[in-house]
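Two complexes, one shared chain (chain A), two partners (chain B, chain C).
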Partner chain A sequence: MRDHYQLIVIGGGPAGLGAAFSARRGGLDHILIVERDVELGGILNQCIHNGFGLHYFGEELTGPEYAGRLIDRLAGLGIDILCDAMALEIMPGEQEHSLRLVSADAGYRLVTCEAVVLAMGCRERTRGAIQIPGTRAAGIFTAGTAQRYVNIEGCMVGRRVIILGSGDIGLIMARRMTLEGAEVLACVELLPYSGGLTRNIVQCLQDFNIPLFLSHTITKIEGKDRVKRVTVQQVDENFRPIDGTEMYYDVDTVLLSVGLIPENELSRAAGVEIDPKTSGPVVYENRETSIPGIFACGNVLHVHDLVDFVTEESESAGEAAAAYVLRRSDTDKVRGRDEDHTGKSGDPRQASCFSLVPDQTIAYTVPQRIRPACVDNVVRVYFRVKAPYKTPKQIVFRDGERRIVASFRRPYMAPGEMEHVVLKRALLDGVRGDHLTVSVEEIS
Partner chain B sequence: MIFDVAIIGAGVVGCAVSYYLSQYELKTALLERENDVAMGASRANTAIIHGGYDPVPGTWMARLNVEGMRRCFELCEELDVECRKTGSYVIALEDEQTETLKILLEQGVANGCEGLEIIDGDACRAREPHLTEDVAAALWVPESGVINPWEFALAMAEVAVRNGVSFMPNTRVCDIAWEGDHYVIGAADTRESFEPLDRDAEPYAAAGSARGTGEQPTTGGERGKTMIRARYLINAAGVESDTIHNMVAPPSFEIVPTRGEYYLLDRTVGPLVKSVIFACPSAAGKGVTFSPTIHDNFLVGPNAEVIDDRDDTAVTRAALDDIARKACRMVPDFNPRTSIRNFAGVRANSTCGDFVIGKAAENFLDLAAIKSPGLTCAPAIARAALDILREDGWLSERKADWRGGRRVVRFKEIPEEERAAFVRDHPLYGRVICRCETITEGEIVASMKREIPPVSIDGVKRRAGTGMGRCQGGFCGPRVLGIIARESGRDPLSIEEDGAGSRVLVSETKKAVRRE
Partner chain C sequence: MKEYICVVCPRGCHLSVDEENDYAVSGNSCLRGEAYGRGEAKHPTRIVTSTVRVRSAVHPRCPVKTDKPIGKEDMGEAIRLLDEVELIPPVRRGDIVIASLFGSGTNFISTRDIDE
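Right, the complex of A and B next:
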């Protein structure tokens, strides 16, 4: 291990692995990946089902296989990897950034670097955040925690199960628990539509005859020591339980799949600007955050449904980090040669910039800011709609003068499925004003 | 064998008594029906060290509050328990409530409080900017603060066990008989009522086994029932203290279990309040309390609801909504969505209206119906108990070799410049297990080597602080379970989340079968 790196990647899940790979390809020699777990791969290690990699590798892989491919790509590239180590603090600086790390093997240390890629992933929302009334018995797990117990520790967490929330992890666990011999009695979703991918609803619920109750929620959990029973009720349009709709389930386990939250405590403490819409950093077209030299990708930036897009995004973040480091060292060289040199270093911070402003139909966009001059050819904009659309609609980008800059048709859209569009540099150059609004509109 | 003293109930009161008694040449037992100390009201409360203006002069509560408060802070220092003197405000939201503040101030002065002061609304808001603009005036109580309540009870019990007190968890007192010169307590093993694991492994140590260096009880009679003999009994059974009282003496009071529910807010909401904020009691009822915790989170609650089942610590929609409404009146920025946990505790309120402290029968002392501010008063209640024992001639000899004091290594508290060396020498403190609270494996393993080792995931949580944060153990739970299994040599399937019967796992997953 060195005391100084060109780039430190925090998190060794698919986002971190992708960013490190592309930064190395982009010309950096000294890269460190810090991973808290004892091995690389991130959350993929517990996702033993298949369905990964169709977009990126063009074949269907399991989570660990997908992670394995990303890890194998790094072999022989001379990237330092520090597992079983946690990044505790990022201290941004003018000249370089410093990171505090702690690990049983490498100790407590300060490492400096020129660029950082944030790739810490996300965590799950818990019961406390949604306040389910009742006891605090054992047997209430977030779906991801249950997934870890079952797939990594090899232990079953229950025999009769109900699932609250129709997020993908909950759906996947409905199938997994059933295959392990548990009885999954129902999946209950507060909203009138599911937050999961359609393919998961079909393959994980319908194929196993597990009912999905939309506009329902769990209104009570009973059981002193271990969960014994839950009450499920229908809710009205204000999400208030409707009297007389009670259903009772005798279960020993409740799995919660009620949302993921990007894990940005480190970023916040470092002063990185956070977008309340994504709970992730506000980024530019190259996934650079509000602090120069700090980049973000993967679930720490916004929650992805498919790892393939994480890989794609992380590769652009890694490339951008490499470009940032190399540009700085070029500038340093130039400065060293010619004291008077004041010329433009092509510093993207100087470039003009506009923001993407989602209207009330769009939950968020990533990136949130674009500097047309910094876009090589195209910029990919990821977004989610706020409500499901079952008939064809168009996504419209309008500039400060309400002129349509671009529009894209989609046959069908749902909040559970992240969408993306590709904006060409040429279009961006024509933008007037300081923002582009994004909205879902009828096809005219 | 016959104990000199048996304390029934290892809440903060029982633990405080055991701590002081361990300083004397006595064979003492601390009996608890749960699998750990502080599993009752002592772990589910507002964690406030009350200033002493609230109890009506003349009551036990009024007599013991200020002394208890000062002893709490001293003991925390001595035993390395987390506490903080935050001070508190009682806020008046209308002008007529200002009169109430004056009464509280007078009561406080009568009870021995120091530094009380009534300030106007602007002065209060200058110090607590998130408070509502409706604050008309506030009573400032500088001596009060917040504490880590379960660690407080635990720390006292640990020192007691170190000095020979026998801590007997999973021991539920069912009946008590007087046999001429001692009591015979019939105690059931709480774990017997839960179904055993599907497999053979014996999940627990032998039934009725005591921790600590003290003497072992004798087992006999019915299966699973232990006979424990003791010359003197102290009833510190919290919500069950009337039941225990009635086993020995004629009924003289009745517990009125009164539940209080809470929100615990994540500290990422920012510095909502610096001090404890009480609503001024008024005709409209009691408001809620807004309080910083020792871990920089915020507690909002409790309500007060009389319930039938004394063990019912469920939370309800109605109460949470009510608390939210009242909390917004005090701190308009309160947002229930920043909550990371809800919980409830049951107060041992009683028909007597005050603590019940005193002899109820020969060699039988009640420390019963210890309601709020019982946490604050606990050390003073224990001193009052000692006075009674002394009068009866039980405290003749002090232990010459009593060892007090306690130190806990908390990674977060190690000074920056010493951390590198510390982790080099103790590598387990370099492995972070709880990512939200930055708790290391070293701290967890150390907690398991103390006088009263944790037996459950929440037992580790109460000692090391794992799982207290925003992910509520989602990340560290499986890891903590693994460490408990490894360090104690137990079957992972036998490990509980919290109390007896709250097992986390049910079986192993299917195994691959190799075909020949």
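Right, the complex of A and C next:
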């Protein structure tokens, strides 16, 4: 381990592995990955089901296989890896950034670097976050915690199970618990539609005849030492439980799949600007945050449905971090290369910039800011819609003078499926004003 | 007539498959949906994933999968066979864990490396 790195990647899951790989390929020699677990791979290691990699590797892999391929790719590249370690604090500086790290092997270390990639991922919302009334009995788990117990530790967490929330992890765990011999009595979703992929509804619930109750929630958990019974009720359009719709389930286990939160304690403490819509950093087109030299990618930036898109995003963040470091260390050489290959000019910090502003139909966009001068040819804008659309609609980008800069047709959209569009550099150069509004509109 | 929700893409078309009319598919928006509907009606298959015991200090379980899809009706029985297995490291991704399930030529294979 060195005292100074060109790049430190915080997190050794798919995002960190992708960013480190592309930064190495982009010309950096001294890269450190800091990982909290005892091994690389992140949450993919516990996602033993298949369905990963169709976009990126062109075949269907399980989570451990996908992680294995990313890890194998780093072999022999000379990237330092520090597992079983925590990044305690990032202290941004003008010339370089400093990090406080602590690990069983290396002890406490203060390390400096020129660039940081934030790749800490996300964590699950808990019972506390949604405030289910009732006793504090054992047997209430987030779906991902149960997944770790069952798939990594080899411990069953219960015999009679109810699942609150129809996110993908909850659906996957419905199947997993059933195959391991538990009885999954129901999956209960507050919203009138499921947040999970259709494929998971079919293959994890319908295959095993597990009922899915939409517009329902758990209103009470009973049990002294262990969960004994839960009450499920239908909710009205304001999500208020409706009297007289009570159903009672005798269960010993409640699994929660009620959303994921990007894990940005480090970013916030470092002063990185956070977007309240994504709970992740506000980023420019190259995934650089509001602090120069600090980049973000993967679920710490916004929660993805597919790991393939995490890999794609992390590779661009890693490339951008490499370009940032090389530009600083050898300004002349890089300026020459910019002119030869990318057509970029000048310091991106000086470039003019506009914001992407989602209207009430769009949950968020990533990136949130674009500097047209820093876009090579195209910029991909990722977004989620707020409600499902079953009929064709268009996504419209309007500039500060309400002129339509671009529009894209989509035959159907759902909040559970992240969408993206590709904006060309030529369009961006024509934007007037300091923002682009994004909205879902009827096709005219 | 059997009803399915297509899982080929996020659109989720509602398919109807007529078993008495040569498995004619309706409600699909594309050819892939037709193939999915017919497959589900004739013989639905799935890749099955689970874990097996492994004699390792670090990893109590090793994840496994079937290297080809197996009949949906065989999933439970296939998983029960895994109870009998204990692996000894080193294990490599792709190592056969149970060869030729039910004599079908489909194997359970390891999906990760476990060195020690």
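The definition used in the following text is that the second predicted complex is superposed on the first by the 430 of 444 C-alpha atoms of A that agree within 3 Å, B and C clash if a C-alpha of one lies under 4 Å from a C-alpha of the other, contacts with A are read in each partner's own complex, and residues count from 1 in each chain.
Note that a contact is a pair of C-beta atoms (placed from the backbone, for glycine too) under 8 Å apart; a residue touches a chain by one contact, two chains touch by 3 or more.
Predicted model, so just to flag it, every value in this text is computed and none were measured.
Visitor: Once chain A of both complexes is superposed, is A:S407 in touch with chain B (first), chain C (second), both, or neither?
Guide: In the superposition, A:S407 contacts neither chain B nor chain C.
Visitor: A:S98 contacts which: chain B (first), chain C (second), both, neither?
Guide: In the superposition, A:S98 touches no partner, neither chain B nor chain C.
Visitor: Thinking of the overlay built on chain A, is A:G154 touched by chain B (first), by chain C (second), by both, or by neither?
Guide: A:G154 sits against chain B and chain C alike.
Visitor: May I ask you to decide whether A:E60 touches chain B, chain C, both, or neither, giving the answer as first, second, both or neither?
Guide: second
Visitor: Quick one: is A:Q203 in contact with chain B, with chain C, with both, or with neither? Answer first, second, both or neither.
Guide: A:Q203 contacts chain C only, not chain B.
Visitor: I'd like to know which partner A:N50 touches here: chain B for first, chain C for second, both or neither.
Guide: In the superposition, A:N50 touches chain C alone.
Visitor: Using the touch definition from the top, say if A:S290 reaches chain B (first), chain C (second), both or neither.
Guide: neither
Visitor: Which partner, chain B or chain C, is in contact with more residues of chain A?
Guide: If we count touched residues of chain A for both partners, the winner is B.
Visitor: Which residues of chain A are in contact with chain B in one complex and with chain C in the other?
Guide: Dual-contact residues (chain A): 150, 152-154, 180.
Visitor: Where on chain A is chain C touching in the complex?
Guide: Counting only chain A, the residues touching chain C are 38-39, 45, 48-50, 60, 62-65, 67-68, 150-154, 179-180, 197-199, 201-203, 206-207, 411-412, 414, 417.
Visitor: Quick one: in the complex, what on chain A touches chain B?
Guide: Its residues touching chain B are 36, 84, 86, 88, 102-109, 123-124, 126-129, 131, 133-139, 141-142, 144-145, 148-150, 152-159, 180-181, 219, 221-222, 224-226, 241, 252, 265, 268.
Visitor: Going by the contact rule at the top, pick out the chain C residues touching chain A in the complex.
Guide: Residues in contact with chain A: 4-7, 10-12, 46-51, 53, 58-61, 63, 65, 72, 75-76, 79, 93, 111-113.
Visitor: How about chain B: which of its residues touch chain A in the complex?
Guide: 194, 263-264, 268, 311, 313-317, 320, 336-337, 339-343, 419-420, 422-424, 427-428, 430-432, 435-436, 438, 440-441, 470-472, 474-475, 477-478, 482, 492-493, 496-510
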